[in-house]
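Residue numbering begins at 1 within each chain, and the chains themselves are lettered A, B, C and D in the order written.
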Amino acid sequence: MFDSWALTLVVFLPAVGAALLVAVPRRAENLMKLVALATTLATAAVGVAILARFDYGATDTLQFEVDRPWIDVINSRYHMGVDGISLPLLALSVLITVLCVVYSWDHFPEPHNPKAFLALMLVLETGMNGTFVGQDLILFFVFFELVLLPMYFMIGVWGGPNRQYAAIKFFLFTLFGSALMILAFLALYFKGGNTFDIPLLVERGGTIARDAQILIFGGLFMGFAIKVPMFPFHTWLPDAHTEAPTVGSVILAAVLLKLGTYGFIRIALPILPDAAQAWAPWIGGLAVVGIIYGALGCLAQKDLKRLIAFSSVAHMGFVMLGIATLTDYGINAAVFGMVAHGLITGMLFFIAGSIQERYGTREMSRLGGLLLQAPRLAWLLGFCAMASLGLPGLAGFWGEFPAILSAYQPAPGLSEALFRVYMVVAAVGTVFAAGYLLWMYQRTAFGTAKKEFAEAHVHDVHLPEWLAWAPLLLLILILGIFPSLIFRVTDGAVQSMTSALQAIGG
Amino acid sequence: MYLNQFLLLAAFLFCVGVYGVLARKNAVLVLMSIELILNAVNINLVAFGLFRESVAGQVFALFVIAVAAAEVGVGLAVVILIYRNRHSIDLTEVDMMKG
Amino acid sequence: MLENAWVIPALPVLSFVLILFFGKRLPKHGHEIGVAAVALAFVLACVCAVQWVQRPANLEVKPGSEEHAAAPGSPAQANAVAALEEKAPPGSEGGHEGEGKGEKEGEAGEHEAEPIRKPVVKEVTWFDNGQTRVKAGTHVDGLAVTMMFVVTLISLLVHVFSTSYMHGDRRYTHYFAALSLFTAGMLVMVTANNTLQLLVGWELMGLCSFMLIGHWWEERNNSNAALKAFFTTRTGDVGLLIGIAILFFAAGQTFDIADINAAALGGEVSHGLVLAGAAALLCGVIGKSAQFPLHTWLPDAMAGPTPVSALIHAATMVVAGVYLVARLYGVFWSGFDIGGGGINPVALVGGITVLIAAALAFVQTDIKKVLAYSTVSQLGYMVMALGVGAWTAGVFHLVTHAFFKGLLFLGAGSVSHAVHSFDMKKDMGGLREHMPITFKTFVIGSLALAGVPPLAGFWSKDEILLGASSNGYPVFLVIGLLGAALTAAYMTRCVYLTFFGEYRGHGQPHESPPAITVPLVVLAALSVVAGFVNVPGGEWFAKWTENETVLSAGVAHHSFSPFVALFGSALGLLGIAAGYAYYWRNLGPHRLTQRSGAAGTGYRILENKYGLDRLYTDWVVGGIKGPIARGAYWFNQRVIDGVVNGVGIIARGLARFVYDTVDQKVVDGVVNGAGIGAEDGGRVLRLMQTGRVQQYALFLFGAVVVLGGTLVLFTTG
Amino acid sequence: MTGLLAAAFEAPYLDYAALAPEMVLTGVLLAVLVVDLFVDEGRKAVVAQLAGVGLLASLLPIVFLAVDGNDRSMFSGAYVVDDFALVLKALFLVSGYVVLLMSADHIEEGDYWKGEYTFLLLSSLLGMVVMCSSRDLLTIFVALELLSIPAYMLAGWRKRDLRSNEAALKYYLLGVLSSAVMLYGMSLVFGATGTTVLEDIARELGDNTSEPLVKLGIFFIVVGFAFKVSAVPFHFWAPDTYEGAPTPVTAFLSVASKAAGFVALLQLVFVGFFGQDNVWQPLFWVLAALTMTVGNLVALRQTNVVRLLAYSSVAQAGYMLVPFAVGGSGDAAARTAQTAAIVYLLIYAAMNLGAFAVVIAVARKTRSGEVSSYGGLFTYAPGLTVLMTVFLFSLAGIPPFGGWFAKLYIFKSAVDAGTGWSVALAVITGVNSVIALFYYASVAREMWMRPVPDEDVTPVRVPPALGAALAITALAVVAIGIYPQAFARLGDLAELAVR
């Protein structure tokens, strides 16, 4: 009973919560927060139950599957399920939303309006969870797009000074990608025997002619690569991140960017193995360019949040490099990297938000001496910076190093020499990462406060912040020490996928 | 008589009507030009009806005549409306909304 | 204890956590936890050492007989968690008469019969990824035991020293937490059974080094030094990462160090691959162990508290690179063909480092910088030793160096504790009377460093020179001898400036409290006696530490050569004598730098540290942070974001609407740039919407004519 | 002649059941006319209520006919009541009902002639309902005029408003011209085939005629309806008329009248000229690409909401033309294309009517149609803002609002056809939907992210009728978006039988 309803619950509970929120009277702010918190907690509880009941021995099969008719006329079904690849991401998504609600508790950005803010957050969660469990292209598409609107408003209404521009830019870029993506989906529908069902298409996709595959992959690539975002489609990201309210940045970084990479792993690679072979060198190339380019972008930043935003470009470069190798190491690393980046960069954005709240600025040249004024906050920033630069023993490492490792020996059929060059470039990227993060840390945390803030009384971390951050910090550490927590979930699913891929290449 | 001659006449009338519509500033003259076009159609219909030995052409023509009468009625009403408000029926002056 | 060696790194980890969370509330602000944990770890390390020595030596290894019957660690056989199997070491079957590895086989033959101790391995499954099961665990052999002993000992002494030295520091608790974490990192690294775990420890140390160098981060210089240390080692780590990746695949998808060594020596892996792996790892070594040309961070790292310099930047962390070479010796041996006797990169890097760093030590006025360059130079010795095939000598030098260099740094700390400065020329001199214990121990350390027999440094250095001479590396013998003379000379200068002459500083210096002097005495004692662990004839150290990899590679053992020993110590004494003559007797070419242009130039080159710092800081880092990063960002904002902006601009020009739209800075992206074009398109199209009904009619008929005409013409033809 | 007289008059077969919706509607509109004469000026609301009930009543026979399920054909195929006809009749009647709801207070408060207004609206609706069954050139012509002539008058309903006059004039003149062009085309087709019944025309023409006269005829007919659906370059009247006409009328024109044009096109293309795809496919390709591109581009520059929606509806027409441009390659393609067009029509009606309903509601307070007057709407009318957002983003095709499914169907028809041209058109459509987002979002931005222009934050009062209209449309849009199956079924049902 639970198993067949679990995914429906995890996806639609937040939507129900949002509807309830709308019914709460305007004045009852505490009630709104409670409703939102209860909803996200309930969703998270379902998530935990899913984690508990998941059969870890069969991660390559879809579990908690629901497969009911939805839009018969186009053979699109309400088909949802989780396997080892989607489970960690689903868990990440439900966790992050709870934490965001907690963090927002008395931090609602201007113009306040907690009702709308929380409702949008819940709708966002529906979209994110749905994307990770949808096993039907149309269902996936609907959820994939569903996240656009709430995020648009979140940035546009609650964002920084340049918010309207950033919001529309985010929206236009993503929509452009998804317009081509939906065309690719339709092409798959017709080429794959009139079905949108992902598992079915995975079985049939290999039979599509190579040229057609390559074209269709192009459409998918545009959709996903913009969302990731890969160089050179990344320009929406720094703007969106910089302008978004803290919670928006966190969700954007932690979960939304993953939708793109997840799309590659779930849809593009397994359904179109031949095209994946053909595209992989280009994807890998763009990925490593992104790594270096993102790092250089970071080094040029003066704004703390924008720096973190650019670092996402670099980190997602590692994820994409892992994916481009088409090997199990690479894709395992990619999934791990997605989770780790979600935790770490999410945390960094939280901290950046808190710094901005305390100092009213994110200009690194005006900051300094955070370690003196708010030592705990500064320590956390340092911890996350270390995690972000891929310090072994923390989560970031397991997304980064295995990706580099896998580039040494890409899937059969891909040029080893080329990927080894990518490997070296990516490894050099780790130095850059250390560079910009420590440099950022030096400028914000070390030294003494600048004159304007010398007398300022700065709060150290408060309770809602601790509550919201503790799980992330713990997870960063725990996953860093016990990577098998993720690898054992993803490995089976990834192996069954790559074995199919390699059959093509070999 | 050949069918062609009717068709050419109709086409000629059509063109005259079109010219009138495009060139006259006076709204009433424009309405009359439209009548010319409709009559071109009628000629066509009747000619084809004969040619095809089908009564449908003539019936069609009758319908067109009737409908055209109604149309012109409405058209004149609109023109009168404009005249009342503007005291002019110069079509080139009616351009409040554009862009 | 050998099976449960994981406890030893776990103790300082625990201590770190406890200090971090509860340290501030404790009466001693946390140092009690740190000291206790490290002391316990030291005791356990001693227990390990004793157990290891007592362990029956029943593993026979023949040089060049590396054969791998069983591929250990295959995922199939390992079951779930805590597989407490004691892995049968590869090649334990023995008896396979492999092909001779090199011409040194005859000499190596004398050890052939002597069995060694089996390493103790304990593993648990860490994670499964792809087809590989990665196991975490401890691999305890002689090398690891030695390292554990050295690390815990020095760490303990430094902890004790710090309780006094750092007393009253505003981040006293954090300091001890970081020390604990550092100790943990180092212990994790030395006990690691796989390269990944090794990397974890390696980077953890880097982090702690960063934290401790930048301990007084209020000063910009200190945080700069911390960043520089981290970047530089991280740059080297690129090689380490790549090397680990290469070796992972070269050894058949395993991180296991024993397997990697075995594969590298086994000959099944192509030489090119092993060479690449070794070269990549060497980059990591160069970064971490401050070898030329990435040695520049170490002198700057002296910005940290002095005990930290003693522990991290002299005795332990900086030898991690040396340890890496020693641990993965199979890779380096076969990759660089060390047995072959040609000039190889490892020896070359070490040799160059020995000389250039020793030369730099002469021009320093900061006592810690002298010691820092000395450390760089001595690390060069170790690397060179490993590079010329003198494995045992390299490792042995690592140990003795830890003692006497730790001693020297702590001594310097003691001095600075008294005079509140590190500047030998301005604030020291004549301290011999004020600080007798410090003075005596410092002199012992200096003599040991200078290689004066029979102190520890003499024995280890002698073995290195011996190895270089007998393994067919005469060039490095010369370098080593030259280095020995230079070392002796600059240490003499250092001792003179610090302890002799007139006191030039302020106030009245006092001898330091026992918490500081006791560690000095302990280390001084060790500096005296440690050399005897491997005296010719006994050579116990070699028997305890040399492992299967080293033996099966066919590392040569040489009998004591009086000639080399004599020559080496003579040169050392010569150096001392020269220093004595120059400083005490005021002989020799004083003021040479002013008189001779060439000497002046040389001095300036040394003062500028060969310009490497400028190259790195100004050109490489400055270039990347400055023009390159800014350029990339400019590219981002103007070019990528502007591509279609540009298209839009051209479109506007054509449509003669350039001026109207400049203010419409709608968008700067591809999509948005298209937006500008689109808006202009909209503007043009709007012009057609004139509002005149007859014009509309004209368009209607016009369209009919054009479309209809096209249709009929083109579809009929 | 004598023969004709002598022959016994055989009355054509009349299936009264099939004609029931039209007859009920006719009865209601006559009743409205009569009742209006006897009702006092103050109680004219009764007339509208009567009309509303009448519209719902005429839906009943449609339901019965649909349940019965038989196709009924009269006048040798000139008038057919099949599922296609029933689905679209229902669409017109429901849209008419919603427009009536929207008009109720607007017309009353504007001191207009409420009774006549209702009567004309019903007349125009009758024309549309007839259009759905017309499979004959003559019937189509009559239906077209029946739906157009009242609409000309409705456009000029605010008699003293110069803009309204102008709207009527432009609509009228261009409407008449285009119907003249269409008639000319019809005369040519009639001349070529000797019949006016679409099925017979199809039989007579055969496959892919090479007769230039026939091509011209088809072309002229298509042009007549291209005007009706405001396809570029026959769209010039639309923005001006939409802006000048009373807003409910604009809503009616942009939805019902446009839909009628598409209904006629569907019947003409897929029944009458199906074999002639060499003529109409390229024609529609050009029209579709031009229409959506021009509509969207010009919409970007609009500052008036009604005018913006006018251009938006031009662009939407472009999307709806896509299936016509790709539907000729075979039976399957034709079927997908028809379904796509019909589904789009249904969904478009809901979302566009909804958007206009919000415009009417907001204008009650702001008395302005400028986009800038929507500034900060969210702060004082959150409900309306959310609804407007729903409608706008539905028009933009963002899930989970109905529009995405409509657009998906359009894409599907294009990809299904599978030719290079069709895929190219699909890509053009995709790019256009991104451009379109920009102006839809600009209205949303105004509402959510900008300050209130005049600081006046008194809430907007929404009268019950208008509220009902909003509720119906919003519900439809969201329901379609989340569970499109029900509506997609209608689209499938409504396929015309293609030979």
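Convention: a residue touches a chain if its C-beta (ideal position, glycine included) is under 8 Å from a C-beta of that chain, and two chains touch if they have at least 3 such contacts.
All values reported here derive from a predicted model rather than from experimental measurement.
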Remark   = Sorting chain pairs by contact number gives first A-C
Ask   = Of the chains present, which has its C-alpha mean closest to the combined C-alpha mean?
value = A
Key: Inter-centroid spacing, chain B versus chain A (mean Cα positions, whole Å)   = 64
Remark   = Expressed in whole Å, how far the mean CA point of chain A lies from that of chain D is 43
Request  = State, to the nearest whole Å, the distance from the C-alpha centre of chain C to the C-alpha centre of chain D.
outcome  = 76
Key: Rounded Å distance between chain A and chain C, as computed from the means of their C-alpha atoms   = 34
Key: Of all residues in chain D, the ones touching two or more other chains   = 169-170, 173, 177, 181, 239-240, 301, 434, 438
Request  = Could you list the positions in chain A whose residues touch two or more of the other chains?
outcome  = 168, 172, 176
Ask   = Could you say which residues in chain C touch two or more other chains, in rising order?
value = 671, 675, 686, 689, 691, 693, 697
Query = Between which chains is there touch?
reply = A-C, A-D, B-C, B-D, C-D
Task = State the interface residues of chain B toward chain D in the complex, per the touch definition above.
result = 7, 10, 14, 17, 21, 27, 30, 34, 37-38, 40-41, 44-45, 47-49, 51-54, 56-57, 59-60, 63-64, 67, 70-71, 74-75, 77-79, 81-82, 85-86, 91, 94-99
Task = Spell out the part of chain D that touches chain A in their complex, as residue ranges.
result = 339, 378, 382, 389, 393, 398-400, 404-405, 408-409, 411-412, 415-416, 418, 423, 426-427, 430-431, 433-434, 437-438, 441-442, 444-445, 448-449, 483-485, 488-489, 491-492
Remark   = So, in the complex, the side of chain C touching chain A is made of residues 125-132, 196, 199-200, 202-204, 207, 210, 214, 217-218, 220, 223-224, 226-227, 230-231, 234-235, 237-238, 241-242, 244-246, 248-249, 621, 624-625, 628-630, 632-633, 636, 640-641, 667-672, 675
Note = Residue positions on chain A within touch of chain D in the complex are 69-74, 116, 138, 141-143, 145-146, 148-149, 152-153, 156-157, 163-164, 167-168, 171-172, 175-176, 179-180, 182-183, 186-187, 189-190
Ask   = Hey, which residues of chain B end up touching chain C in the complex?
value = 18, 21-22, 30, 91-92, 94-99
